[in-house]
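The chains carry the letters A, B, C, D and E, assigned in the order they are written, with residues numbered from 1 in each.
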Amino acid sequence: MSEDKGAFGVQGTGDTSGFSGLVRAAHSAGSSERPYGSYFDDLADDLERAYPEFNDAIEKVVVDRGELTLFVKAAKLFDVATILRNNEKLRFEYGLGVNGVHYPDQKDRELHAVYELLSLTHNRRIRLEVAVPESHPHLPSLVEVWGGMNWHERETYDMFGIIFDGHPALTRILMPDDWQGHPQRKDYPLGGIAVEYKGATTPAPSERRSYR
Amino acid sequence: MSIGQLIGMDPGWISAIKGLIAFVICVLLTLFAIWAERRIVARMQMRVGPNRVGKFGLLQSLADGVKLALKEDIIPKAADRIVFVIAPIISATTCFMSFAVMPMTGKVSLFGHTTALQLTDLPVGVLYVLAIASVGVYGIVLAGWSSGSTYPLLGGLRSSAQVISYEVAMGLSLVAVFMYAGSMSTADIVAAQGHGWYAVILFPSFVIYMISMVGETNRAPFDLAEAEGELVGGFHTEYSSLKFALFFLAEYVNIMGVSALATTLFLGGYHAIPGLGFTESWLGGWFTLVWFLGKVLAFFFIFIWLRGTLPRMRYDQFMKFGWKVLIPTSLVWIMVGSTFHLLKMRNASRITIMGFGIGVFLLIMAGLTMSEWSSKRRAENATDIELPEPSFPVPSITRSEYING
Amino acid sequence: MSTYADPYASSRETTEGRVYSVTGGDWDALATEIGATKEERVVVNMGPQHPSTHGVLRLILELEGETVTEARCGIGYLHTGIEKNTEYRTWTQGVTFVTRMDYLAPIFNEVAYCLGVEKLLGITNDIPERASVIRVLMMELNRISSHMVALGTGALELGALSPMIFAFRERELVLDLFEMISGLRMNMAYVRPGGVAQDIPAGGVAKIRETVAQLRTNFKDNEKLLIGNTIWMKRTQHIGYLDLAGCTTLGITGPVLRSAGLAWDLRKTQPYCGYENYDFDVVTANSCDVYGRFLVRMGELEQSLRIIEQACDKLDRLEGQPVMVADKKIAWPSQLSVGADGMGNSLNHIREIMGESMEALIHHFKLVTEGFRVPAGQVYTAVESPRGETGVHLVSDGGTRPYRVHFREPSFNNLQATAAMSEGGMVADIIAAVASIDPVMGGVDR
Amino acid sequence: MHNLFSAALTIGATKTPEAVQFWILAPLAVLAAVGMLLVKKAVHSALLLAWIMISLAIFYIAQDALFLGIVQVVVYTGAVMMLFLFILMLVGVDSSDSLIENIKGQRGASITAALGLAGLLTSLIGRAVVGHEAYGLTVSNANGNVQGIAQELFTQYVWAFEVVSALLITAALGAMVLAHTPKSSPSQRFLSTARFRGDSLAATAGLAASGVYARHNAVDVPALLPDGSAAEESISATLEARGDMIVSTPFEMKPAIEEEN
Amino acid sequence: MGLEESLPSGFALTTVEGLAGYMRKSSLWPATFGLACCAIEMMAAGAGKHDLARFGMEVFRASPRQADLMIVAGRVSNKMAPVLRQIYDQMPGPKWVLAMGACASSGGMFNNYAVVQGVDHVVPVDIYLPGCPPRPEMLIDAILKLHQQISDTKLGANREDIIREVEAAALAAKPTHQLKGLLA
């Protein structure tokens, strides 16, 4: 991956101001073993019972800091989400949203989508995490499971370029439509963008000032 | 000699001077009114309000006017140029015209000439005011249409519908006054109120007029044409500079106009309030102008009060109110009022009149009760919308105490 | 469209002397549209600069007469890239960024973020009780100031001028308290990982009590102005209907959800900062409309005052206790409440830090410039903000800066209800419906 | 004809100010009448019509027919105002008149109607002027203009008056009945409830907004899908049906970033 | 612009200048252009405690056509920049821009892809107001300073003279890159 640059194009210094390269290794948590503790065991059992393909769909289960994360395979995401929502014992009525995380050094698993779910009936939370390769960032859309995922998926597409298949209109939501790139990926610079209005452009600070 | 005849005898130059005086009064009143509104609303909101320009900020509206006049004049490209220019002129000219028939004083001496401060007295003076008002709407509609933009168009349509509907209610509310005064001339109507203000005698008419005058002038809570929250500025969204100032002026002169009409028709015009009649004889005819202006400003204060207190009505509620409440009420009131009048003219006995009054009262009460019943029945019968259950689980409501419902 | 011309190309053509021609927007489109006989519908663009769009929300409405047949929301006009910015700053500095997201509820953003960082650090149980109480106190004060803006601007958008000014009067009282406690009126960055930046100044609690009493009487003014006012009732009752099913699938939380009858409040259901130790009620309405939301907010104001009073009692009890975690690897060495200026910048204090040892100096320098390290992992923490569930998803790679900070903003989510709440209603109802969602665009767009 | 003209002259002995007014207003009114037929925009036409009505009102007033003049303004300008609304709502804001006749026999009908009207006017004026001794407004205004009209209307012509008013009310009611289509537009509450009871939840959060570009952000440009194609859904169906969309080809994305890596 | 541009220079113009300046500063209507946090403080400045109305400034105009002053209150995103410029263009002259807060003045702490690094990239700014967000008192202070600036504005021929002078001075000045001193 390309080295990250700061707003003013500072390179190769021991700068702690935050503008220099941010090449960092991200962690990947190991799989947790049973018993998970808290309500997580019950929840996992219920899901396994309700979803026969559990072992096939779930890559790993992580229990960390009192939170349960299920790593789901992209192809099975929709099924898992539907079961989580519908099953009497699970009842995750609320899909609180999806969020992208970019791990450029995880080969073929660069883009992670993280779903936070909430069950009002049982007062429980769960997190689903799905990894997709940057070269083929496709995930099934969950708008049919939780209508409110609509904008969250659009935001995640806008910021990370994850494409949610089946979304009714997966267009940019926060950035203008003629924007280049997905700004919250790790390989996208923090700043240095020209302003354009009415066809007139004002160059970005990094190009105007003699910071180079 | 009646005031009307007195005015009829004015030579031309006196009329010209009177016209000038009326115009100056209008303009000064407007400048003062805008300042007063801003100060009073500020006071209602625990603020200070404009106090920098002139003493107490009195010249604030003058500064606004001059500033607006000095601004760049923009005609949007999509606008219909001619109409765009004509519209504010129509608004600003018609608003002054209704003052021609407003009796502002009793008998006064002007340059040695005994007359009254009323430009002319038409036998159909009040109708004339209505006619002028209906021409005045053109300013708003044309402004909305010619701006070539969505918000002004919607604002213009709203306000024309609004003014037309409320003019009907307003006209109907005046019918009772015509019947009791036996004339449509403003001077005669003032004279006919010697025995009592029509605001008291014809109280329902007065209320209806008060409501429809707020609707007619597009003021809060009926300021739908320029509903800032929805239509930005309504019909004058695209107007800038002097043209906008003209609309601004027209709005306030119109308020003064309807207030003056209300004063004339319902509050005894330029006459002193009951009990203070001696002021007229002691202080002379010119003092009656003070009474007149005082009453007009009292109405204006109500306008400000409404604006400081109430939220805006919704368009359909407002129209419904006009057509389904105000107009039928005025129709019923006209019938009742005219019957009373007839009974009185025929010298019917007190018992007959009382009996009729009680009968009408009972009928109205019965009608209201019936309608309340039926609406209650309708509300009970209105079953909840029958739709399938949602395809997804919904958390159940466990709590049953609510703060409403 | 054939008549289309670049709206900017000839925008300032001079024609006759001082008269300029400027294009008026989408008029071409509109004109052809009304001309078309197929349907008498108009597409109206509201915003992003429009008096009733709570800042820079854009609404694209399709109208049939005055009825809204279709409503679309355009957002992103205030996108600030805060989430990305935090990745370039230390964990502590992150507070200054997140506080500016939902600028009406800065304390909630800070608390949610700090709870997340503390969870990552594993020090959730080490936070001093006094710090938690101050957090609760600040959050509830903030809830009042935020609800005041919601009610005031909501009323203003429905055409009532005075309630807005009255609401801002109350808000000023609360902001004065904020200023006294944190030094700032807005965007305080007062809550820090490990506790709060500084203790409440001497005499502060008494001042808070005084203000609470005044607020209690002041709230009645607003109630008198609006509750029972026929026009206000007609403009809000049965408007912007959204039932529980809609709230559920759209993920709607906060007063909008509570107006649909469900008493879901994270302060009760998943308590944090010791909310379980306070006595308060969750206010609900079952009318699912704008009026219900209005009443819920009014009720919550009262409950907030109750919590503040209890917090004040607790503060009296905890007088003199620390407000920052004891771990010197996280807490800044400078005691911000020390010194003549109260900010820990007194000469003696600096001399103490500087003069004690080289180690101390280096530690101070490292902690302030580089920040502390946070063990790798990810957490999600949520607090009940005035608008609903403000959730923070934090990812750490074990470094001194966040790897990823994501805010699950309630405004962003709740705004999705705009279409459901407005389609089928009138234009004026949209304004009421959006005002009842109370979106803050800073939070929506981040 | 000459007879008629001289008769008209003798009836109202035209005083000087009135003559001045006449010779200023009359040509303007005629010009406006001609212009009304010639201008392209329907609104302009209506505006000129209003001007004619007001000019007529001024003529009436100058002729001492005060009540008639005022009523002319109230009734006709009000009517023209209605016309305005109809034009704006039905014909369209910006449309010019079509020059193609699509009603069969329109010309014939209009010529017949015009001839009929001319005949009617001639006979009426002739009847008023030729057979009778005109006594002018001064006489009929003896008890006041308004009172005079009331006297006539409610005594001699009361039958005609009532018939006409009944006719007008019937016409108004008829128009309302014909134009009123019982619209069963569902309430917001119904729509909002039904929205979450359908088969698909995909659109419950509302449709996507139109595209926003540095150089264009009107409602007629579609937003872009991930593959760079236009999202049809992001434009109002009304605009789409009329082809009022701007094709978004100029805004197409450069090859997406993912391909660079 | 208005009538005053056609006046000849001299005494008459100076009088008009004074008068026009006074009227303009006394009636400076702001456009409602709230973006972010600063907008709330702007509203607070209009509310009871601070009351901008004293200066005749409570007339927040929703339509840019009737506004004199654009208070850019908050961060301007790249997406908002064209809209901002369009609104500025819709305002009739003479018009003023107040960049309220650090973000509008310079991008503030948001030195990133999304935020325009100072609204002066898009529209000319007459007065910058620091603060994040500035207190209402600061806003009032900035507005009073702007009032001073407005009432001192020259018109017509006098204005052209000043523009000429300023340009000549700028041409005569040493370019930045030739400046030597502590910074170089």
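Everything that follows uses one rule, which is that a residue touches a chain if its C-beta (ideal position, glycine included) is under 8 Å from a C-beta of that chain, and two chains touch if they have at least 3 such contacts.
Everything numeric in this text was worked out from a predicted model, so none of it was measured.
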Mutual neighbours - chains that touch chain A and chain C alike: B, D, E
Common touching chains of chain E and chain D: A, B, C
Higher-contact pair (C-beta pairs counted), B-C versus C-E: B-C
Rounded Å distance between chain A and chain E, as computed from the means of their C-alpha atoms: 42
Geometric centre distance via CA averages, chain D-chain C, whole Å: 50
For chain A paired with chain B, centre-to-centre distance based on mean C-alpha positions, whole Å: 60
For chain C, residues contacting two or more additional chains: 8, 11, 18, 22, 25-26, 30-31, 45, 50-51, 75-76, 79, 81, 84-85, 165, 169, 245, 248-250, 262, 264, 416, 429, 445
Where chain D touches two or more other chains at once, by residue number: 89, 93, 189-190, 193, 196-197, 201, 204-208, 212, 214-215, 234
For chain B, residues that touch 2 or more chains besides their own: 45-47, 72-74, 153, 228, 232, 238, 390, 392-395
Residues on chain D engaged by chain C in the complex (per definition of touch): 89, 92-95, 185-193, 195-197, 201, 204-210, 212, 215-216, 218-220, 234, 236-239, 241-246
Residue ranges of chain D in contact with chain B within the complex: 41, 43-44, 47, 50, 54, 57, 66-67, 70-71, 73-74, 77-78, 81-82, 84-85, 88-89, 93, 144-146, 189-190, 193-194, 196-197, 199, 201
Chain C-facing residues of chain E, complex: 1, 5, 32-37, 39-41, 43-44, 47-49, 62, 64, 74-75, 77, 79-80, 83, 86-87, 89-90, 109-115, 132-133, 135
Residue ranges of chain D in contact with chain E within the complex: 212, 214-215, 217
List of chain C residues in touch with chain B within their complex: 10-11, 13, 18-28, 30-31, 42, 44-45, 50-52, 66, 155-162, 165-166, 169, 225-226, 229, 231-232, 234-235, 244-245, 248-249, 261-264, 282-287, 291-292, 295-296, 299, 426-429, 431
